[in-house]
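Each chain gets a letter, A, B and C, in the order it is written, and its residues are counted from 1.
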Amino acid sequence: MATRQQAATSDVAADMTDRAFLQQQADSPRRERGTRVRRRRVRAAWLFLAPMLVVLAAVAGWPLVRTFWFSMTDASLSSLEGGQFIGLENYLVYDNGWYGIMADPMWWQSVWNTLYFTLVSVSLEAVLGVIVALVLNAHFRGRTLVRAAMLIPWAIPTVVSAKIWAWMLNDQFGIINHMLLGLGLIDAPLSWTADASLSMWAVIIVDVWKATPFVALLVLAALQMLPSDCYEAAKVDGIHPVRVFFRVTLPLIMPALLVAIIFRALDALRVFDVIYVLTSNAASTMTMSIYARQQLVEFQDVGYGSAASTLLFMIIALITVVYLYIGRRQLGGGS
Amino acid sequence: MAGVKLERVNKRFGSTRVIDDVSMAIGDGEFVVFVGPSGCGKSTLLRLIAGLESITNGDLLIDEQRVNNLTPQERGIGMVFQSYALYPHMSVYQNIAFGLKLAKTDKQTVDERVRQTARILQLDGLLERLPKALSGGQRQRVAIGRAMAREPKILLFDEPLSNLDAALRVQTRNEIAGLHKRLGSTMIYVTHDQVEAMTLADRIVVLNAGHVEQIGTPQELYERPASRFVAGFIGSPRMNFIHVEARTGNDRGCRINVPGVGERDLPQQLPADAVGERLELGVRPEHLHLTPAAQGEGVEVVNVEYLGSEAYLYLQMADGELLVCRTEAPSRFERGERVTLDFDADKVHLFDGEGRALPVADAARRSDRHSEQAPT
Amino acid sequence: MTLRTLKGIVLKIGFWLLVAVLMVYAIFPFYYALVTSLKPSSELFQVSYWVDSVDFSNYATVLSQPTFLAAIRNSVIVAVSVVLIALLLGLTAAWALGRVRFRGRTTVMMIVLGVSMFPQVAVLSGLFEVIRTLDLYNSPGGLILSYTIFTLPFTVWILTTFMRQLPDELEEAAIVDGASPWVTLTKVFMPLLWPAMATTGLLAFIAAWNEFLFALTFTLTDSQRTVPVAIALISGGSQYELPWGPIMAASVIVTVPLVVLVVIFQRRIVSGLTAGAVKG
């Protein structure tokens, strides 16, 4: 998951500069056509892009197409090529009762789990992220140290953080239970990862711990760009700081926060490793990615698993398209 | 022989025409300066010659060869950029040597050329420094060195002095002039500073909104501007323009009525059918003559600027126009005084409704005219 | 003491309390892993907040396992190769996308952006087939290839951002000097982009080092595992008696280099993560 976060972050950042850049371009357009130099550059541009495009086609484009295809076959892991075309039967088919993913309550459970996980963890990360960013934005001694500390959860591999938390949340010897017992908040140790009613929360706790720095960094970047004069104006007017935050700061950092939230949401929708390590294939925390991989690898049912992957892809693609559309609209009308 | 010839060169960006039918011929070894107001297309024209922009229409010839499709390097061009654009990670030596190495020059020649260039530009002691450890003037010289190291046939400068402070600008200007004498290569230089243009140029090209207003030596442009635009652009303080009315006119001269001055005979040819049209009279500040006037007559001196070696007097005309007069310092007149205006009829300019200068009748005809018109 | 100064003091104490809580929240889990890893297995099941006597037996256990050492070696090979490939391909692509205006540029940018949003699961079966066809299954090569799906897009994005910030006149100077695009890129731009490349490379390294799903799916034998998979798969006699000591020791071993890198290069990383979002 960490990997995806980083990818997401940089997209955000690059996307932001892209806007600034386009703006700048609009001011002093530099479009040439026709010179030798120019033609040579365009040819070189395609030549330079070619390796990247080939690699992306090999690892993303073609595999995606194949996944779509597999989802309409009955291929199995041991005989990928032996799959027969069966139309949409993997998705839904009537054969004295409904069969297929759409008729599988486990799939719907995993969709629900994914949405629930996404909503709760991203909300918590947004709130916490803003708080952390506000703290890091204040001027105090040791600020760099605190900022470095905040980066640690982000740097720890997801698998490792899941393991560490699994140990801390251990029902018998975990330090969390120990603390809660000591504080008198609970009477008996909780089995965080095994108890179906708690395990989702265990996953959320770990995810929030790990992903909050990401949100905080993006928000912090936005905070540092805020013009100081409107703060001074507010100060002069004697407006209460809390009001200033909601009236001035929050609207100004909203774009950055939204970008962070959307990328976090995209990450959360495809969550895999933290859950796999923490609770394995348990039904109470089964997400779409876990479900798809289980079908694909553990049950060796490539056709069915690919259909689940395809559905997951559709959902994320839809969200992405909506985001890009909104982003474009902002780009057009924002300035 | 590296002459540059532009034949009806056009440049469009999308639908906006930035360079409009520009033709000119620049001789080998000539120092030509492009001037004009901001946005008139000076840089664009220079970049067309350099090969950094493509020519939409027309021909560019270097040494009688069409080079529209050649790269800057193939054209034999060196260019000095406004921001210097030195390679920040390379030492002065490497900066100068970069182009030479790319041209596969052998090591020894590269070294010789770099050292020779450095000697000419007095960069000897700085060869191992990085650009960030140089002053503005030194960076400028490195930029020039880099451009000339490959011994290009043509050196192009785009406002090379605009990032320097005033004193350094004068000094570097002189150095560039010296360099031109020494190298003898063709140089094309863009500036919006007319002092630079006047002092450096063999010939000046005045551009306005993408077309050539006039090409000529500094003296020609100053003494015989082809248009009101050129007249107003060259010279500081600016030429004074006064609306006048033509009384008589023929191919030997004309008579005009100048408000506040009276009727005057001028050597400019004026077609008879243009009589009665409104014209503009252009008088340089140094060609205005002032004499004291009685209270209630003449025009008022509204301001006096003392500059040490000379003084500028500002006169308020009846129609509200402000005229500038250059006089010796200290000025004989003070603010608030009233003066009568006059000018040398031989040194003024007359512009028609479209801003074109009216041609001056030649001397023989003029004396003719005098004998004829004097009695009336 | 006026009410005002009292209020100031309370606010100040509150702020520092908040800072302290955040610090503990961020650092404690890793600290606790460290504490656990340094305890002898006999003390493992007594909760304590610090180590009384340092004991390295867990580390000895982990480091004496050939599979764990192989995993570290595999992770290093994979991560370093991925970084090099991503930087090389990313740099050339960034030049094209950042400095040349041509038709189709926006489309390419959208494709790159789109790929970075791919759920990895969506390509799992297709990629599995590709990797098997190329005979890269259960080898670092398969992982190197598959990791470009997430490292390449963000490398391209970040480098494009930095590439655009380089002045136009610099490139024009190079053109006038007779430099081809390749020479401009390698001789003029690359030396100026070292900081950006270091940042991007670091992010790509972390991403590749931490990846789990592909590593789990595209490797089969213990000798080909990467570190995250190795740690995830450490097991004891039964599910209920995981060897927590060695697991924590392994976790610390694979995390310490990252934490050190992150703390040293935190400025870099922050600027890379928010490249362009902050001015300057």
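Assume contacts are C-beta pairs under 8 Å (C-beta built on N, C-alpha and C of every residue); 3 or more make two chains touch, one makes a residue touch a chain.
On a predicted model such as this, the values are computed, not experimentally measured, just so you know.
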Exercise. Touch graph across the chains, line, ring, star, complete or other?
Worked result: complete
Exercise. For the chain pairs A-B and A-C, which is connected through the larger number of C-beta pairs in contact?
Worked result: A-C
Exercise. For chain A, which other chain has the most distant CA centre?
Worked result: B
Exercise. Hey, how far is the Cα centre of chain A from the one of chain B, in Å?
Worked result: 61
Problem set entry | Between chain C and chain A, distance of the C-alpha-averaged centres to the nearest whole Å | 15
Problem set entry | Residues of chain C engaged with two or more neighbouring chains | 175
For this session: Two or more other chains in contact with one residue: find those residues in chain A.
Result: 31-32, 37, 40
Problem set entry | Residues of chain B whose C-beta touches two or more other chains | 52, 71-72
Problem set entry | Interface residues, chain C side, partner chain B - complex | 167, 169-170, 172-179, 183, 187-188, 191-192
Seminar exercise, completed: chain A residues touching chain B in their complex are 29, 31-38, 40
Problem set entry | chain C - residues contacting chain A, complex | 15, 18-19, 22-23, 25-27, 29-30, 32-33, 36, 44-45, 47, 85, 89-90, 92-93, 95-97, 100-102, 105, 108-130, 132, 145-146, 148-154, 156-158, 160-161, 164, 168, 175, 180-182, 185, 200, 203, 206-213, 216-217, 227-229, 231-232, 244, 247-248, 251, 254-255, 258-259, 261-263, 266, 269-270, 272-279
Seminar exercise, completed: Seen from chain B, its contact residues with chain A in the complex are 13-14, 51-54, 56, 69-72
Exercise. Hey, which residues of chain B end up touching chain C in the complex?
Worked result: 50, 52, 71-73, 77-79, 81-83, 85-89, 98-99, 102-103, 146-147, 150
